[in-house]
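Residue numbering begins at 1 within each chain, and the chains themselves are lettered A, B, C and D in the order written.
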Amino acid sequence: MAGSSFGTVFKITTWGESHGKGLGVVVDGCPAGLSLCEEDIQLFLNRRKPGQSRFTTPRKEDDAVEILSGVFEGKTTGTPISMVVFNQNQKSKDYSEIASYYRPGHADYTFDKKYGFRDYRGGGRSSGRETIGRVAAGAIAVKILHTLGISLTTYTKSIGPVCADPRNFDAEEINNNPLYMPDAKAAEEATRYLESCMSELNSSGGVVECIVRGMPAGIGDPVFEKLDANLAKAIMSIGAVKGFEIGDGFAAARATGRDNNDAFRLGADGTVQKQTNHAGGILGGMSDGSDIILRASVKPTPSIAAVQQTVNKAGEEIDVSIRGRHDPVIVPRAVVVVEAMTAITLVDALFLNMSATMDGLERFYR
Amino acid sequence: MAGSSFGTVFKITTWGESHGKGLGVVVDGCPAGLSLCEEDIQLFLNRRKPGQSRFTTPRKEDDAVEILSGVFEGKTTGTPISMVVFNQNQKSKDYSEIASYYRPGHADYTFDKKYGFRDYRGGGRSSGRETIGRVAAGAIAVKILHTLGISLTTYTKSIGPVCADPRNFDAEEINNNPLYMPDAKAAEEATRYLESCMSELNSSGGVVECIVRGMPAGIGDPVFEKLDANLAKAIMSIGAVKGFEIGDGFAAARATGRDNNDAFRLGADGTVQKQTNHAGGILGGMSDGSDIILRASVKPTPSIAAVQQTVNKAGEEIDVSIRGRHDPVIVPRAVVVVEAMTAITLVDALFLNMSATMDGLERFYR
Amino acid sequence: MAGSSFGTVFKITTWGESHGKGLGVVVDGCPAGLSLCEEDIQLFLNRRKPGQSRFTTPRKEDDAVEILSGVFEGKTTGTPISMVVFNQNQKSKDYSEIASYYRPGHADYTFDKKYGFRDYRGGGRSSGRETIGRVAAGAIAVKILHTLGISLTTYTKSIGPVCADPRNFDAEEINNNPLYMPDAKAAEEATRYLESCMSELNSSGGVVECIVRGMPAGIGDPVFEKLDANLAKAIMSIGAVKGFEIGDGFAAARATGRDNNDAFRLGADGTVQKQTNHAGGILGGMSDGSDIILRASVKPTPSIAAVQQTVNKAGEEIDVSIRGRHDPVIVPRAVVVVEAMTAITLVDALFLNMSATMDGLERFYR
Amino acid sequence: MAGSSFGTVFKITTWGESHGKGLGVVVDGCPAGLSLCEEDIQLFLNRRKPGQSRFTTPRKEDDAVEILSGVFEGKTTGTPISMVVFNQNQKSKDYSEIASYYRPGHADYTFDKKYGFRDYRGGGRSSGRETIGRVAAGAIAVKILHTLGISLTTYTKSIGPVCADPRNFDAEEINNNPLYMPDAKAAEEATRYLESCMSELNSSGGVVECIVRGMPAGIGDPVFEKLDANLAKAIMSIGAVKGFEIGDGFAAARATGRDNNDAFRLGADGTVQKQTNHAGGILGGMSDGSDIILRASVKPTPSIAAVQQTVNKAGEEIDVSIRGRHDPVIVPRAVVVVEAMTAITLVDALFLNMSATMDGLERFYR
């Protein structure tokens, strides 16, 4: 089937494998007239680049993006924007061993079951590099949202047992530490935890959180296209994500109605506002005007140096230890991917909402 | 926008409001030749019926389903199956008060912001009755899965702080208690907890868990149409669901790679099997042949008798207390809805998978 | 597969068989706030009713529509509008003979090949009654278009060899004759032609033409979602339609560039206008502000009383003569169906166009 | 909106402008295991190359395709196949004049109305070069069809008033003359006609015909996703196409039922066969096992050297004469595009059909 597109009227289609010629994305449905240049995209791609700290792989990859279409004289034309990052060292090493067995926690086995064989070089289509297209498209979505006064803040909420303390939340700190945590103290503690993981040939999971500010109320749909349902799909489609929450998420299951309901009050400006935000900015599938808050649970890096049990293609049980340098934690590099997928989902919802009422329709066309 | 359809080749379209003439669903893409009668559907609808215990609303609703099309001489014809449940007492009471203000935790406010006005009778399209169409369609999906040897077990995992103990898991117990818990002792404890909630004019949240057995490996897609991403959307599209997990879910964020990776081993029959199932049956977006395990976090019933603060349409801050009898917990009635949405998602994925390889294509057509 | 939906953001889903319990449609994506009642729909359904002249089947069918959802206090709510026409005499006659062989020109054979069996009563899902859902949905689309100043005129252009003369075009005449021809003289001639067809146990084809006035320029898309491409699909999806033209259509293939190009000039009001309209109102897939003109070729009624050769399910060659009264021409009853499908396509295109530019987006949301 | 994708489970997404960096396509949903190399694609692209006769533009363009993803060790992997043709001389000439006015018969005006501005270089996204992506994707679709025993023959049926005589039909002749006509005598006559058009600074339209052999019966859907409806959209989405016919097309409108119905008979092998093929291989929206025959009406090249009237962006009426060398007829280069779009549509229909019956489903999965 065709599973490499996301979105309905703001639609992205990604392609490419870890060690093929390159990776890219076609962004279709971007409105005409948005100022756009390669630097806008590159800034986002740089946030997911490896080699930025001792917790990310030291591979040298420039990941320089090229815009191949859809922009003319510095502005989007309304036609598809094709972007590509060419791979620089496609044939760097011997993957014959990895081709012979199924790595635990990876998609090797399921790829073989679905397609009969697989491009085993560096994970192929299931590599973390698959997110390059998502992030490039997300850069455009974020720019569209900014135009409408909507902004996103995304960061590492926790790494293993170490959680950023909400009381220490400091947005500026996010870009000060290589873990993208909004709490300097927690970042230090997480650093020590990751060092201990590495020394034990082990890896760690963590949680990414994203906050959206400025989203108008009434966006999303009340049934299958609930805004939170689409956000869930967007976030869960990122490799290694195993859980999704909106607002209080799983804590809401343990709460009572008195605690969980958000009271409505009038703001200083006379507008309706919620006093609390357990709902995470979405009621009945539609944005309620308060901050949208979502979280993704990211599993530990499956590639670990410790010895593991698996099976090879000859049908033998074997012991393996994944060679090469691998990030001991995926979370920091997933931050920008979560932001990208969130932004893409919101833009699509905003566009789809434009025909919600006859009033809006008549205002637009008459 | 059109937000009342779900699925690509096995597609359902639901319609109807709580107090309109009825609610229904069109199931399009059901293969021809499936034995189907109204009783097959009614058995599923009965599982979501109110009035079955003291924790569900005592409203008398028969919710008798009629199949209007797509079945001929006891078999599906391949054309759309239209099903309807007519509402029996549409004009039972006066909703003018509820129309005047925004109930906390409900979609009243967001509906008004999106559409300019709303059908305020009993929640309109946002009522729990909206799930009738989902469950009727789910009954068909479950029947298709059974034909392929795939079965689902769905139950209440927890209510408020009371969690079913996995060591006491008893599948037969699920239908023995009105809470659909697989652990008689936990069910008793949860009953006491709900009684205390009710006495305090309060309500409780909880968790639904679904286990899928017999799913073949290799179903789903490696990028945006990951099987778990589509399950997340399906489950998060159910009203009141605030979180979704696959396998270890948020616990994976706190785990290490050594603990979280599932080793591959050979089964007695020589097939590849996983020794553990932290992944919840899905690797890289595709089923891995082990049980698929998912969970939904359900928030507490927002309609509570306790006094709450809100705002009315005249722009005044008021105190309200939601009158009428409401379930103190949504979870037990959500169990069959989670099962239905899971089944619908799996059927669609199985159908879409049929063109994954040239081998399969040639085998089918030549 | 799921093939009973049409449209992207204004989406209709039809269901029902000729002799099942009823036929209906779910219209999803209709903006909130449109005044709508059953009479609005019924007026359109009456235009496709049988029994209106001696060229339509004398079957007594009231085809009274019921709106089951999506309308509250006389206005659409933005949620799906479910409409149904219940069949009145489901078990009227014995279809065992028709079940045993393949009628030439009908879908009997292809249904059996695709689905393994079929609902043979009165054509089942392939009956002309399948258009009830299209027409009911089209009534809503036409009403939306009227609100925006867009109107449609649809009529019988030709029947067999008899063509309405453009010089005699009289819009008021369309509803004066049972053939819906805009030329009284041609209508008389066509009447005589149809009488001769009937006396020879034969039937006739014809052409339906639709003119859209008031469509703003710039609607549609330049590549796959060209407005004329979507109109072609919409019209060709109507049973018995074998050809589609926009503007000069097949005559353009015989023309030269000098003749076929439409010159641009300035109108009295200073706006850009085309001097001629060979293009039929669409250039490069987008509306150009002039009238949209399209035509559908409708084949002769395949059910004829004359003796025909066919094969039965026992694998024998037989001679058959289709019993019962059948319209000698489908065209007049197809007029409203062409109008409905055209309107549905235009509404969807107008909605999708709203996010074409950043200017429009900012104007809408800020 | 996102209008650059076509297909549901075999989906193509094209991008690129005439004078941008390049043009390309992402083919998503191609089954794993198809042998594929760049030469397979290049052979198709060469059929649409300019500079092949005195009736095609003498521009030197190599249009060499590169496969960037989705193929590993000579076989498709099931993941998206990204293909690109880089433009070689992007900045060759001054387009400032063309930017200032609306060329008659082109999309200049409608682009400006929709998007506010346009990439005016060589037609931008509306250039004939947009078909590069379609043809590259079509090469893959044709290869899949061949594997299933399905073949396509596509050719120029007529140019202006000159029509290939069916009695002279010679499939081998198609590639013998630069007009791709299957009748050497008609090709000579058409050549003389085109020379006269050129001498008068004029251009000609024509008709492309495509015949599909070996299509199994029962493919397609009975309502909106009729196989002929999807073919109509596919073909009408090609620039310059103004009409579409299946089988007898518009001639069916002038025919009677006796003439138009195809009798069913038993073939020598006992299978059901049609004695004639007025239906063009499709009954009720589904293939009937006989040849599928379709035609596209292609308008005359709008770019002509003759003086034409138009309006410029300053709001003045002006006279223009389109400079540069342009093909006096689009038809020969459209032949491979019609074949490509037909093949893409058929592959999608074949894939979607796999879940039509429970029998097929059980056979596939058990």
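A few comments on the model shown:
Here is the rule we use: contacts are C-beta pairs under 8 Å (C-beta built on N, C-alpha and C of every residue); 3 or more make two chains touch, one makes a residue touch a chain.
Just so it is clear, the structure is predicted and the values come from calculations on it, not from any experiment.
Here the chain-to-chain distance from subunit B to subunit D, counted in touching steps, is 1. When the C-beta pairs in contact are tallied for B-C and for A-B, the bigger tally goes to A-B. Farthest from subunit D in terms of Cα centroid separation is B.
As a whole-number value, the distance joining the C-alpha centres of subunit B and subunit C reads 38 Å.
Spacing of subunit A relative to subunit C, judged by their CA centroids, is 45 angstrom. Look at where the CA atoms of subunit A average out and do the same for subunit B: the two points lie 26 Å apart.
In subunit C, the residues that touch at least two other chains are 1, 3-5, 8-10, 14, 29, 32-33, 78-79, 114-116, 125, 216, 222-223, 351-352, 355-357, 359. Note for the complex: subunit A touches subunit D at residues 1-5, 7-11, 13-17, 20-24, 26, 28-29, 32-33, 66-70, 72, 75, 77-82, 84, 114-119, 124-125, 351. Touching subunit C in their complex are the following residues of subunit D: 1, 3-6, 8, 14, 102, 104-107, 109-116, 125-126, 130, 158, 160-161, 197, 200, 202-207, 216-226, 228-237, 239, 242-250, 252-266, 270, 272, 275, 279-280, 282-289, 297-304, 306, 308-311, 315, 317, 352-353, 355-357, 359. By the touch rule above, subunit B contacts subunit D in their complex via residues 8-10, 29, 31-34, 76, 78-79, 144, 147-149, 216, 222-223, 350-352, 354-366.
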